[in-house]
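Each of the next two complexes has chain A plus one other chain: chain B in the first, chain C in the second.
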Partner chain A sequence: MATRYDRAITVFSPDGHLFQVEYAQEAVKKGSTAVGIRGKDIVVLGVEKKSVAKLQEERTVRKICALDEHVCMYIFFNLFMFVQPFDISRVECQSHRLTVEDPVTVEYITRYIATLKQRYTQSNGRRPFGISALIVGFDDDGTPRLYQTDPSGTYHAWKANAIGRSAKTVREFLEKNYTDEAIAGDNETIKLAIKALLEVVQSGGKNIELAVIRRNQPLKILEAKEIETLVAEIEKEKEEEAEKKKQKKST
Partner chain B sequence: MALLQVCGFTPYAELRGQILPAGQTHLVDRTNHYSFGTNTQEFAVPLGVDPSGFLKSCNREGGVCIDLNHGTTTLAFKFKHGVIVAVDSRASAGRYLASNDVNKVIEINPYLLGTMSGSAADCQYWERLLAKECRLYRLRNRQRISVAAASKLLCNMMLGYRGMGLSMGSMICGWDNEGPGLYYVDDQGTRLSGPMFSTGCGSSFAYGVVDSGYRDDMSVEEAYELGRRGIAHATHRDAYSGGVVNMYHMQEDGWIKVCKEDVSELIHRYRKGMF
Partner chain C sequence: MEYLIGIQGPDFVLVAADNVAANSILQMKHDADKMFKLSEKILLLCVGEAGDTAQFAEYIQKNVQLYKMRNGYELSPSAAANFTRKNLADYLRSRTPYHVNLLLAGYDDTDGPGLYYMDYLSALAKAPFAAHGYGAFLTLSILDQHYRPDLTRDEAVDLLKKCIEELRKRFILNLPSFTVRVIDKEGIHDLETLTSGPK
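So, the complex of A and B:
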């Protein structure tokens, strides 16, 4: 049944599915895991980095990009159409600054990207973007924001979310552990993101790429060393927790 | 798309690209909400048209003489308690008085006002278009548009048709997150922010009056009186301004219409005080 209605993007199936869009969503689920967390004064984007081949220069493999000083985006992309959404969004951010004399709100640029994606699901001769994006940033009035878009062109705001391969596991972890205390401070929020990723990433800190935006400060991508330090702290905290539990049991 | 090309069928969007210069067919999609100009859907201009040349030929003595509505005095100034906007109400077409009761202030929304001077038709059309864009901005972004952005939109509209004979001098006044805002926008694409502006052929007279009486810490009543005097004296000396003074006061929670007073009565009152 499905094969008869999935040749073209512009054809609905009898039970109301647009199969091409759903296939695009499936493609997105195969990507590396990414997590976004909205803290009080900080927003964090963490991505599972595939291990880099020995001869490959690490710096050129970047999936988190700044759209403007106060907004950055992670895209899980499949195959082609990689540069275009980044570039179009960057141009739109500057265009908005030029015309409206104000930086974009995170919602505006998310809406723009979502509209762009939606147009590609409703015209002949094109295929949907196989892209799911996490967009984080601060609005002009200082509110932190996290949005996620998917290939069908819808977007939602989240407090914390994950996309990619093991998104479900990570999201469950976040649902349990996203509390007011967990995001009380900048460091705590970063640690929460790392903890969430460590659930699903194989070899620890080396395979995590982390980007952070603090209020009124530009995007910062954490160095490998900083991540290592934080991972070490997390390990230590875990051991201390385990120790406490052991002591409780024994006494 | 490939099949269309093979069949030789040109869809409407592509035909449009052949008619309009610079092939900006992507504008048909219109996710870019902020472009106005000769290639957009509002007012596409066919190639080879030269409006300003046509208008010049109409002003010659020998042939048909078309005098556009011109002539006005408008003024606006910022002070401690907001922005005062005062305009006259005369519309003249050459030596013919078209109307003495035109409203030269367009109420874009409760927090934005636009004044009109120059060609009445141009002002009315473009400022109403600006009002439409401001409303759309409010609906799309759930936030009122800032005064800077509104004046920028109007300025971009003017720039899209620069050199084509538009005639408009407008002041966009409002109150937004940055406080009271006052911008002067004209048909050449000039956009200036400042504490006081006056436009129209009576503006020199208005500047003289307002400059000599202006203080930043005026009381509200003093500011009203200054606005009234500015327009009244300008209409007294300028033939193309007259009618009534329409005055608005832009406050933090919106504008209020202060008064609508006949200038001849005002002049009579001032004269009694003078001599």
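So, the complex of A and C:
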């Protein structure tokens, strides 16, 4: 049944599916896991880094990019259309500043990217962007925001979310552990992101790429060393927790 | 009517612009800022046709920012000056030329300070000191006489004050105040607004 209705993007199947869009959503689920967390004064994007070939220059494999000084985006892309959304969004950020004299709100730029993606789900001859994006940043009034877009062109705001390969596991972890205390401070929020990724990633800071934006500060991509330090702290905290539990049991 | 001046030192550029925004015989604003921040270490001073100035300068400003977002680092002052010149030149032979006179001042971490003079015909020249407006006719000779390449910041400000004094004395129009800024390796700094008392 599906095979007759999935060739062209503009054809609905009898039971109401747009198969091309759903296939695009499947493509996205194959990507490396990424997590986004909205803290109080900080927003964090963490990505599982694919291992880089020995001779490859690591810094050219960046998937987290700044769109403007207060907004950044991570795109999972599988196929070749990834540069466009970044560049189009960057131009739109500056264009908005030029016409309106105000920086974009995170929601505006998310909506812009989502609209761009939606157009590709409704015209013939084009296939949908196989892209899901996590967009984080601060609005002009200082509110932190996290949005996720979908190949279908929809977008939603989240307090914390994950996309990619093991998104379900990570999301469950976040649902359990995203509490007010967990995001009380900048450091705690970053650690929560790392903890979430450590659930599914081979351990080690080498496999995690982390970007943070603090209110009124530009995007900062954490160095491998800083991540290692935080991972070591987390492991220590885990051990201390385990020790406490053991002691409780024995008494 | 409007006046711009720039003086380059060994490790800084001093720039000043008058603060009057006029419309025919009326002064609309006495605190107009004619300097546009292109990046952390580049200022664009822009005078000319009303409307063209902001339109052109803001367009250049946003494009310089876009470059920074796309490439992860800022345009150098000489690259920004040439980019501006190319844009102005392209518009010159279109149906909608911009009538603006510019001074671009910046600090490059490798090449040091730089001052670029650009006029509405898109002529670009790198110069140790430059000025725009009728005031330039009165003050360039003062700069010729007293400028030294190894000026300190205080000496440069004194030189600027001499120029403004000359304008107060001999320029038919009254330009009561001037915004003054300095660009060095730390970035752009505001200096005290210079006022020009009555004759």
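The rule we apply is simple: the second predicted complex is superposed on the first by the 250 of 251 C-alpha atoms of A that agree within 3 Å, B and C clash if a C-alpha of one lies under 4 Å from a C-alpha of the other, contacts with A are read in each partner's own complex, and residues count from 1 in each chain.
By definition in this document, a residue touches a chain if its C-beta (ideal position, glycine included) is under 8 Å from a C-beta of that chain, and two chains touch if they have at least 3 such contacts.
Since this is a predicted model, take the numbers as computed values, not measurements.
Participant: Quick check on the superposed pair: does A:Leu67 touch chain B, chain C, both, or neither? Answer first, second, both or neither.
Facilitator: second
Participant: By the touch definition at the top of the document, which applies to A:Arg90: first (chain B), second (chain C), both, or neither?
Facilitator: The second partner, chain C, only.
Participant: For A:Gly125, select first, second, both or neither according to whether it touches chain B, chain C, the two together, or no partner.
Facilitator: First partner only, chain B.
Participant: Looking at the overlay, what does A:Leu116 touch: chain B (first), chain C (second), both, or neither?
Facilitator: First partner only.
Participant: Once the two structures are fitted together, what part of chain A is touched by chain B and by chain C alike?
Facilitator: On chain A, the overlap between the chain B and chain C contacts is residues 95.
Participant: Show which residues of chain C lie in contact with chain A when the two form their complex.
Facilitator: Counting only chain C, the residues touching chain A are 58-59, 62-63, 65-66, 69-70, 72.
Participant: Taking the touch rule as given, give the residues of chain A at its contact with chain B in the complex, in rising order.
Facilitator: Result: residues 92, 95, 99-102, 105, 108, 112, 115-116, 119, 124-125 of chain A touch chain B.
Participant: In the complex formed with chain C, which residues of chain A make contact?
Facilitator: Per the touch definition, chain A meets chain C at residues 66-68, 87, 90-91, 93-95, 97-98.
Participant: Considering the complex alone, what residue numbers of chain B touch chain A?
Facilitator: 1-2, 29, 31-32, 34, 141, 145-146, 148-149, 152-153, 156
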